[in-house]
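Presented sequentially are two complexes of chain A, the first with chain B as partner and the second with chain C.
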Partner chain A sequence: MSTLQENTVPATSRATPPAARRRLHPTAIVYLALVALLVVGSVLVGLRGEVLLDQTGILNILTRATALGLVAIGQTMVILTGSLDLSVAYLVGLTSLIAAETMAGQDGMVLPGVLLALAVAAGVGLVNGLVITVLKAHAFIATLGVALILRGYLEDNYTGPAGDVPRAFQHLGYDRIGPIPVAALLMLAVAALCWWYLKRTRPGYHMYAVGGDIEVARLSGVRTRRTIVTAHVLCSVAAGLAGIYLASRLGSGAPYVGTEAGYDLESIAAVVLGGTLLAGGRGGIAGTIGGVLILATLDTIFDALEVNPFFKDVVRGVVLVTAVALYARRMAANRAHGRLS
Partner chain B sequence: MTWRPRLAEGTAPALLFLLLLLIGLAIVGPAYSEPAGYLALLKRAAPLMILAIGQYLVIVSGGFDLSVGALVTAGVVIAARLIDGNNSATAWVIPLVLGFGLLVGLVNGLITTKLLVPSFIVTLGMLLVLDGATFLWTGGAPRGALSEGFRMFGRGSADVPVLGAVPWSVLILLAILVAAVLFMRGGTGRALVAVGDNEATVRLAGGQVDRLRLLAFTLSGLLAAVAAILLGGFAGVSAQVGNGLEFRAITAVVLGGVLLGGGRGSVVAAAAGALSLEALFTLLNLLGVSGALKSAVQGVIIIVAVAYASLGGGVRQRLRLWPKPRDSVRSAQPASS
Partner chain C sequence: MTTGTTTSVRLTGISKSFLGVPVLRGVDLQLRGGEVHAVMGENGAGKSTLLKVLAGVHRPDSGRIEVDGGEVSFAGPSDAQRAGIAIIHQEFTLLPHRSVAENVYLGREPVRRMQVDQRRMEADTRELLDWLGEDGIDPTVPVSSLSVAQRQVVEIVKALSTDARVLGMDEPTAALADHEVELLYDLVRRLRERGIAILYVSHRMREVFDLSDRITVLKDGQLVTCAPTSELTSEDLVRHMVGRDLGEYYPDRAAPDDLGPVRLALRGAGNARVRDLNLEVRAGEIVGLAGLQGSGRSAVARAVFGVEPFTRGAMEVDGAAHRVTRPRTAVRLGIALVTEDRKGDGLALRQSVRDNALLVRRAALRGARSRAKSDVSALLDKVTVVARGEHQEVRFLSGGNQQKVVLAKWLAVEPMVLLVDEPTRGIDVGAKRAVHELLRDLAKRGVAVLMISSELPELIGMSDRILVMHDGALAGELPAGASEGAVMALATGHGIGDVA
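The block that comes next holds the complex of A and B.
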């Protein structure tokens, strides 16, 4: 394939010296974009005589990033494996309810509540994974179907917030060290753990392999089904963590807390914004966290500027498509030079 | 010498499923023992069926169109604001709405083909932009009202000789369905399916891959605008009119046995899938299944339908989650890494 590719490259572009075309690592670009956004945002907010990155500003950005970050970390693993998960939004609501209802205001029930919520989340992930691998349903349909089932359960059993989180557990949502919320640090710890898993362990590498080309991975001896199921279980557990965090912040479980924030599509947007290929096999957690921070920063800047909330959606859509178009261009250019990024 | 209808691959199970649902309706609901009941069902289902036909064109060529729901909302809200109860404005607003749908589809297609962005992302971005822009323009809530002339297409009936009064939406649906079938049986339609099956082959065979995919997105946008006109007439002005329609249209197409990732499935089956979905909702209503559980039943059924298609349907297919363009030069996703 590479010879064929070489022949189709026009001579002029091949003549460009490699040094001039040296490119940054995709993740570096995400963080450079984040810094640029922070600078531009600070200037714009500064023109109004306010400060973007003061204590409240940082707190705002990190609080927004925590729940979405957790969901997006899970989504990254699923997307890397070449799948995707549309059921996370309802799962976030469901786990927040399970955690809050099990705790029922008692300090002693905190641990059982958390464990039960995570167990249910893992179960949902297992179902997602098995429907995709054993029933061979396309991930889009499988997880959409599971999302509809969860929605039916939620609509049938709940009309509004339920359960009660003990005061002690609410510290998780509100405590902070300086301007940095403890929960955001925990989210970053989860991110670090997943980064280690993906980059330093065998099952993590298998996820990249399956996402890159499932047939090649299978022929190379990777247990592709197991890898896909694992990715889905981990993704759902991450969404479960987001649900528990939100329960702690809200003081109770809320059935539609995940869907109102649009965590399903939003998390996919964050992952892709972070440079992970939607088709799988390329990208990583670090970029995703960058993508999440960009989205959270955008929101905070718009709030500070008192922009019409509907305008946010427009900008978000344009940013998403532009970012992916830029990644696609880079990749096409890289390949035209016979180089792999 | 028996004449057998020429059915595309995968159409028969979809039609059988639909037939079962219709028989179920006839047993459960007294209204469905005569044609009028089915005509009402068809009228209700027409917008979704039209959306499913548009979605089919995109899916069969290997893409997704998530923007149709937002496009329907935008179409209805724009029409209501521009007409504002003034009947004489109908004549230019309808072409305008259609043109808007065409334009949105064109932009989707251009970004997908020229900027190499996966259509899932492009249309997701378009969904956000349309939702935001529509309400930015109207200031948060839809304003204005639709005229009688506009609503006629979704609500009214036309007098057809022999058949009597047939709803306009059913006539429009039939016209679109016939056109779609003829299109898919022609050279362009076949090439479109081929693009979804193997893009590189079509390109090497001299097919205009980009132009074909652009056409699919443009037609999907146009058909979404048609659905907006019908839904606006049928349901009136609301900011939620298009909510979730993109997922419902995709569900319908998949229920019709069309393979996500492209290359397989027929347009008739896709439309039948949409009608099945609507019949299923009606059946659940008649059976007294609570509204809340309806989505759960829907979820189970689409999983079962897709599992049946890929396991028991005898369709040989690999576990292909995403369409991977095999053309290494133009595609955004490298296969060689």
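The block that comes next holds the complex of A and C.
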């Protein structure tokens, strides 16, 4: 018998007025989470009689955030456009080598080294973009293929660090203003530039449109292929910047500096943590930087607490899954609301 | 935006073949500013192709297109756009996460000092909305916060922003709720007043009579008739469209001794959307469920099927009480639901006709019954699906054939209670009739059918009795053949009826 408990909610009182549904902007949530993490982290570290956000702590967080931030900025562009780039980690290694080997310890070769590394990066991005748009390979497969090609090249030609960065160029990696590394500021400048590009220029608008619905964009006269290719080139150039920065920090190029840090999946994690939809069309740079800072802060806290590395990964995984589940709930709630109105 | 000038477009002797199959054969059509010209015809009659020729998507094999007296030739949609012709597609072409203004100017964003000129974009959008009398829409809010009807307005504004003087609308009410249809009528009339020429493609007889000044009927790619709306009756139109007199539209109703035992009964059932439902549906009977959009019609079907289950009262299937909290339970009790959203809820669009037809059987039944598949072709014959083969993906089928596949999917498990929600929405006259006959045939075989429809003639024509809902509850019951007025009176809450 299906006589059920009395439900006292009357049939008509379901819809909540729209004003009551106004929610926090997703980016605000990311930064609130960051602040909460810093507070919790400070308390936990404080219990051991240490300070999380002292000069070293801040320096640690920002240093960790710099390379990942650069890669994630680029990843944000391709993900917003509805694509994905799995080749960034190997590209970071490759560009670090190109920069360091070209410089070969000579001050005069710094600029050519940087330019050559960026040019190669742009070329890899162009290949990614063209394979996706012209050959119509799915971005996942296309960039995985390019990643394998890069890996093959690196494994065949390098066994360890190579090249030599002149001392002058190492300043890029180590100079700082108070606790703030200069490189972190440069990373934020790149972020600001990309934010402007996405939010204020036509090609940026078109990235959101292509990621939102490629068919709608096409029917509205957007050059969808060009948009996707541009996003991939910019993504690879950003990865190239990360490679150059790491070369300056390490003093030489290192073939696996990108993959050891897992920048491919880590950058995607940061983007998603920052509130950008993996399917594209919604999100942005500001959230991504928040996501990067959260990941960097987590790492710094774990180091300060001397946590077992396996446990570290477990926590990072839980944080990521929780974040994505929360976003999915919000989306579902918004959709239900939209249907009611 | 200039007003007052009247544009005219004249198509003469337009022919178009695809792979040797003629789709349009010497069609003439004239559109004038300030006139709504409706085009009707069965699916495959060539309506969409004609619209696409006008929009520059297809190039005609022969024939002339003249705009304002000068001959033109469109190499692509952008040429048509430049000539002031824009098309509102059936599916919306808007990005939900972007703002109204961003959608209107997508691909044509004004740029100032290297940046998109957001202010100008928003001001221009606001101006167009004002011009249309739709100043309730804020150009800066995301499209996802708008209602379906408002999205259609944005779609139209997007077309107008290209300085369109001629608008083609393809089944514009297909996605709209009843009260929104009125808003669209209003909008179309305002567009007409402002000198826009409108080509209105629709299946819905009533809309065409309400809105159009002139009607063109196509059949098999040929023009059957073009006459002022005032000179046509709906019988004329149906005859022209199907090429024969349909006579009475609907199959015979059930005779009293056709009725069997009660298959589905609700006793004081309710949930957050509906309340105090008492109803019975007998074997052999088609019961119509009427009501305005939002009255809880669909919620009843969804509750019976366990999508949003009842939280109060009781539900009986074949005399035994059951608590259905999941669709799977419903299916195993012999209940089937044909949802109103065919593409969203009814079909796996990228799967084959065969896989779709077997979807429920494979999912809900166990063992040998789930593997029995030899009769798929018999099943598809029964519902008269026209496809290239069982392995064709359903997304390539017409709406009518898609709906038949949905029905086949349920017939494959031989349901005893069939809930159908808008079973003929957006399908052509021929397919409609096939669906009607199929439903009646199922009833004759002892299935209890509960049919929801917004089209009152269909509901009244098909039902053996009609239940009317208002505001989440049953407002009354009417006998077969009740008048539309009686149904509407109950549906709008003004009626007096014997509450079931």
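Convention: the second predicted complex is superposed on the first by the 320 of 341 C-alpha atoms of A that agree within 3 Å, B and C clash if a C-alpha of one lies under 4 Å from a C-alpha of the other, contacts with A are read in each partner's own complex, and residues count from 1 in each chain.
Note that in this section a residue touches a chain if its C-beta (ideal position, glycine included) is under 8 Å from a C-beta of that chain, and two chains touch if they have at least 3 such contacts.
Since this is a predicted model, take the numbers as computed values, not measurements.
In the superposition on chain A, A:Thr201 makes contact with chain C only, not with chain B.
In the superposition on chain A, the chain among chain B and chain C reaching more residues of chain A is B.
Contacts of A:Val314 after superposition: chain B is touched, whereas chain C is not reached. Of the two partner chains placed by superposition, only chain C is touched by A:Ala209; chain B is not.
When the two complexes are overlaid on their common chain A, residue A:Thr224 makes contact with chain B while staying clear of chain C. In the superposition on chain A, A:Gly281 contacts both chain B and chain C.
For the contact definition in use here, the residues of chain A common to its chain B contact set and its chain C contact set are 1-2, 4-5, 212-213, 215, 281-282.
Within the complex, the chain A residues that touch chain C are 1-7, 9-12, 14, 18, 200-202, 204-206, 208-209, 212-213, 215-217, 219-222, 281-282, 334, 338, 341. The touching residues of chain A, counted against chain B in their complex, run 1-2, 4-5, 8, 82-83, 131-133, 135-142, 144-149, 151-153, 155-156, 212-215, 224, 265, 268-269, 272, 277-282, 308, 310-318, 320-321, 324-325, 328-329, 331-332, 335-336, 340.
Interface of chain C with chain A (complex): residues 77-78, 89, 93-98, 102, 106-109, 111, 114-116, 144-145, 147, 158, 270-275, 296, 310-315, 321-324, 471-473.
Contact residues on chain B toward chain A in their complex (touch as defined above): 64, 111, 115-118, 120-122, 124-129, 131-136, 140, 247, 250-251, 254, 259-261, 290-300, 302-303, 306-307, 310-311, 317-322, 324, 328-330, 332-337.
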